[in-house]
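Below, each structure is written out as structure tokens.
Two complexes follow with subunit A in common, the first pairing it with subunit B and the second with subunit C.
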Partner chain A sequence: MTPTPTLPAPRRRRLTSAARSRLFAFALLAPAVAVVVLVILYPLLMAAQMSFYDVKVFRVARGFSGDPHLRNYLDMLAAPGFWQSLRVTLYYVLWGTLGSFGIGLFTAVLLNHPFRGRMLARVLVVLPWPIPGVVAATIFMWMFNASFGVVNYLLLQLNVVQAPVSWFTQSGPALIAVLAATIWKGYPFFTITLLAGMQSIPKELYEAARVDGASADQQFRFITIPALRNVIGISLVISTLWLFRVFDIIFVMTGGGPSGATQTLAIQIYREAFQYFDMSYAAAIGMVTLALSIAATFLYLRATSKSFY
Partner chain B sequence: MLLRRRLTTLAVYALIVATLAVLLFPLYWMLVTALRPGNQLLSYPPQFIPLDATLDAFRRVLGETLIFRWFWNSTVVTAATIAIAVPISALAGYAMSRFRYAGVRETGYFLLVARMLPASLLIIPLYFIFARMGLINSYLALVIANTTFVVPFGAWMLKGFFDSIPRELEDAAMIDGASAIGALWRVVLPLSLPGLAATTIYCAILTWGEFVFAATLISGEARWTGPIGIASFIQQYLIQWSDIMAASLVFIVPVVIFFAFLERYLVQGLASGGVKG
Partner chain C sequence: MRINRTARHAVLAAVLALSAWLGQASAQGLVLDMPSWQATEPGTSDWWKALIADFEAENPGVRIEFTHEPFSGYNQKMVTRFAGGNPPDIFHMPAANFMVYAQEGWLAPLDARLAAAGSPVLDTWSPVQSSCEYQGETLCVVVLGYGYVLGWNETAFARAGLSAPPTTSEELIEMSRLLTVDLDGDGTIDQYGFVFPTVTHPGVEATAAAFIFEYAPDAHWVDAAGDLQRDAITYAWTQMRRLIDDGSVPLGLDNNAKRQFYVEARATMMLEGPWIQGNINSATDEIRAGLRVAQMPFGGAVYGGASNVLAVPADIPAERQELAWEFIQLFTTPEWQAAYATVAGQPPARSGVLADAFLEANANMGTYVEAAAVARDYLPPTFVDNYTRFRDLVVEATLAAVVQGQDYDRVLDQLQTDLRRLR
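After this line comes the complex of A and B, so read on.
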């Protein structure tokens, strides 16, 4: 008998070790997937199902009963309250994004200059970031207090208004106050991401532009902004999705009032579920909110995904 | 030329100081209000320099409310969430950084997309799920919920840090007889301390200020976390602003100090995970 070369054996061992390594990779991912499935995916599917039934909080032990139907969605489309929340949400998301993006871009440009103490300045600029939303809400409530607030004092001193503004009893001013707190809490995220993006732009691009006689303004418009396109896109998406979710700031400051003027969809979902105990109706609104968030994400990513380099 | 550069520097500094003055004014105003004697608080016009500063509000808040209790509850929840969420993020981030199997990257995206869902949509079913598990009014429910919202982004941040560590180091350790887990534990993790710091502070910020889950899953004044306790001041008939500001100030001190020390790691982590990822 001639000894046959034992080729298949190492191969088989390689295969099993590859399989083991694959198993290892997915074992590493398993805990993360498990919590996300338990706390996000499963509840999401449950909410989706709920939106086609009539689940009231006191009857939840009985589970789903009756046939699935579209009544929650039809009721929602016929309810002026839903359309008002939708309008408020779009307004809130739009101005919240613009405001925090504007301040974030401004501060990022400022911090992109080399100067002594820049590290300290950066920590201070992004200091609102770790402040809990509830605390931001209480500070701004106090600053916008009608009788003794510092905002009214300054506006009166500067002759912007002739009489103190009652911020939280009128719809326009209430939304402004809520947006001020939101933007204050939201801009540091843009500062950090935009600054990181700016610092990864090759310096040679600016040198070449200077050689060609480009002004600082032109360099910003034709190098910085286009090079940041992807960073801007991703940070706009993350911030927009955050604004769709914001709960604590609005809930503490106004509870959605006066008469629904600051009630975003996130607030309405909570109130339908935990104040009116209509879980199914709340879930239906939730599914629409989800669809809106997804639509906004695609919109941003399509608008900004052209590559610069 | 030199003069012009000096002037530019001066202008940049002036702009920085002016910007900081505006952006940090709310925090300054919180401090000033907390130091005002209560009876003069509602005087007008507001005083921008606290000449008659007193610690009365702090004494009242610390002595007459359950604030210590709430902050202790917040500390327990935050510490437990860090202890669970950071290791889970590290394992997932490591898998995403080192293994290119079909499905690994997709799992990473799945985590990230799932995390973006509106929490107020999730709390309704979540409430039922935890009720069925007997976890209503249990901090375990809060810790699990918070962990879920930390892990997706934490994993991506840590992936960014792991990517910068050369694979050869683990290969060398494994040739020396270390197991895959041993190489991760003894070689990779010690080199990713900045990444772990970034994830820890990110987790601490999210959990310390978390409101929706704490408001719905926990009840009873003695079991509240800090944000719920602070919000409860607002619901009182007569709002004592200097007390609220004092309580808020005490509450943010730990997380702000923590943040100030670890901020650069978090910035690095956001840059690698959030922007490039």
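After this line comes the complex of A and C, so read on.
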């Protein structure tokens, strides 16, 4: 009897330490990824799909019926209302970002210098940040009230205007009022991030510059701003994305009026979806807004990605 | 695994408690869900709660859970519930949103039930009950049909040497000018003659339509072909702009601020539905003593319509549908219709249920009832299906023409283009 040849037992492959570490990291991330997929990616894909159908009120159980088409996008491109909302959005995002950034940078520079009561000043400066948008909007509505608002009172006292300005009935003033509330609510974010960035700049750089005879203005232009480039880039991205989706302040103050003068894409999406119940059309506008947000993010990051150190 | 005796006893006790609770819940019978934005409104909520208590007494084992949902966002929440397959059992909704539910097939037709019951809704109901019809079927019952009235302040009138409210729009404009005054001489207007919303708000459409109805009682914003009634609209915008040009109207107010101006005597006149009574009741004693209501100061038709309605959802079990219908039937009885006036302070949808003595003692109610009886529906027949979008377009056009002073023809041309696209 010949002995049966036996095969050697397969050798279990052992993971390297680095691979095990990576696997562990993925395992830790998995729940977060699952949540993101479930609550962000899935609805996003659903909205993208919806934009190619005719859905008035979406019902998950019913799904989509009919053939996919581009009609919502074509209607959108042909509608003057969409182009007006797009113009208002770009204007609102541009001035909202610039205004918030300017005031944020100014207050950050102020708070970066030691002075008596700096802690209290820091608290006061960032106070608008945690205030809910609806509350901020209501405060500004009263401030800009045509008959009893403090803004008109000051303008009249200073002889800037000869008669009270009716802020919410004219296109230009309405947009200014909405922007004022938005900037007031948004600038503390820049203050906080830029201040944190300024405090991480090595003191030696300033000392060396002073030794070389650089003025305060030159130190600011050639050390502070370049050193803050990455912080500024990220802050601008976050702020821009926030402004693209601001809803509460505008809706409470003007509802998008007068005559669409303050109707951003976010407001138009809401109205199409939840006032007119045309969810497919709203989804098409949403996709355009998403594309704009991604483009803005890409541009900012590209412009500010160069490292200072 | 070993479970010690204490743990076993704890589990047993929990199981028994759960069984007892489930048994109790079952004994309580059926619970009908009825959300409403009026569940906390003084007066109206008292009437709803009394009606519900009566229904529960007539139907032992059935309970109605009457829950409050804020008006802002009410429609969105209800649409979400219907779309998610979880509609309420008794559906109370603003009439302006009716079409969304009708078009989706979410409401049960009531015609057979109305006919079988010989319901008063068929013959003695509000003239705006027709707004509950969709494709030849009746899908709801009007709770409140209204006509607009003029709120005026007798104290301010007397101070200006005026004795009676205006009866034409020319008188309204003239009196508004006289009633706009700087009371304390500080250079700021303290009292305006008239107030209407001048920012993006549905109330802008209501004000303009009231003037349109004055100009041509049979006209609306558009004719049957969807063409704008340019003469009537131009007249309405001209009258409104004259009021603004005179400085008789405070600018930048929405409907809530408009009402606040009236109850604080900062504005002397405003147009409003019968719910103005709630505003009048909220004024201080001194101001309330002078607040009055009168019929609309225009000839022609009275602006009005259905405010809110009751419906039976189509996608709930038959037993619940039957109970919801029984609730609606109870609501239509003369007793509960009369109580709508005496308790809720609103004109009942059913005609002839209020005693003469009551109407004599409550002059305002008589005015509301009279206005509701002759009101013309604010819904333009051509744009019933997409009224919300239509309304928003005419609101923006009216603001552009009246408040921003843009050229009427240009605004009308743009509005006509937008409406054509809408159809």
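Quick note on the criterion: the second predicted complex is superposed on the first by the 275 of 309 C-alpha atoms of A that agree within 3 Å, B and C clash if a C-alpha of one lies under 4 Å from a C-alpha of the other, contacts with A are read in each partner's own complex, and residues count from 1 in each chain.
Please note the rule applied: a residue touches a chain if its C-beta (ideal position, glycine included) is under 8 Å from a C-beta of that chain, and two chains touch if they have at least 3 such contacts.
Not measured: the values here are computed from a predicted model.
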item: Residue contacts with subunit A in the superposition, subunit B compared against subunit C; value: B
item: Which superposed partner A:Ser166 touches (first subunit B, second subunit C, both, neither); value: second
item: Which of subunit B and subunit C A:Asn112 touches, first, second, both or neither; value: neither
item: Which of subunit B and subunit C A:Phe277 touches, first, second, both or neither; value: second
item: Contacts of A:Gln84 with subunit B and subunit C, given as first, second, both or neither; value: neither
item: Partner chain(s) touched by A:Ser147 [first = subunit B, second = subunit C, both, neither]; value: both
item: A:Val35 touches, of subunit B and subunit C: first, second, both or neither?; value: first
item: Which superposed partner A:Pro258 touches (first subunit B, second subunit C, both, neither); value: second
item: First, second, both or neither for A:Lys56, with subunit B first and subunit C second; value: second
item: Footprint overlap on subunit A, where subunit B in one structure and subunit C in the other make contact; value: 145, 147, 274
item: Interfacial residue positions of subunit A with respect to subunit B in the complex; value: 21-22, 24-26, 28-29, 31-33, 35-36, 38-44, 46-47, 50, 60, 103, 106-107, 110, 113, 115, 119, 121-143, 145, 147-148, 150, 153, 184, 187, 192-193, 195-197, 200, 231, 234-235, 238, 241, 244-245, 247-248, 251-252, 265-267, 269-270, 273-274, 279, 282-283, 286-287, 289-290, 293, 297
item: Complex contacts: residues of subunit C adjacent to subunit A; value: 75-76, 79, 82-85, 100, 103-104, 188-189, 198-201, 250-252, 386, 388-389, 392, 395-396, 399-400, 403-404, 421
item: Residues of subunit B touching subunit A in the complex; value: 9, 12-13, 15-16, 19-20, 23-24, 26-27, 29-30, 33, 41-46, 88-89, 91-92, 94-96, 98-99, 101, 103-104, 107, 110-111, 114-126, 128-129, 144-145, 147-148, 151-152, 155, 180, 201, 205, 208-209, 211-212, 216, 226-227, 230-231, 233-234, 241, 244-245, 248, 251-252, 255-256, 258-260, 263-264, 266-267, 270-271, 274-275
item: Residues on subunit A engaged by subunit C in the complex (per definition of touch); value: 56-59, 61, 79, 145-147, 166-171, 254-260, 271, 274-277
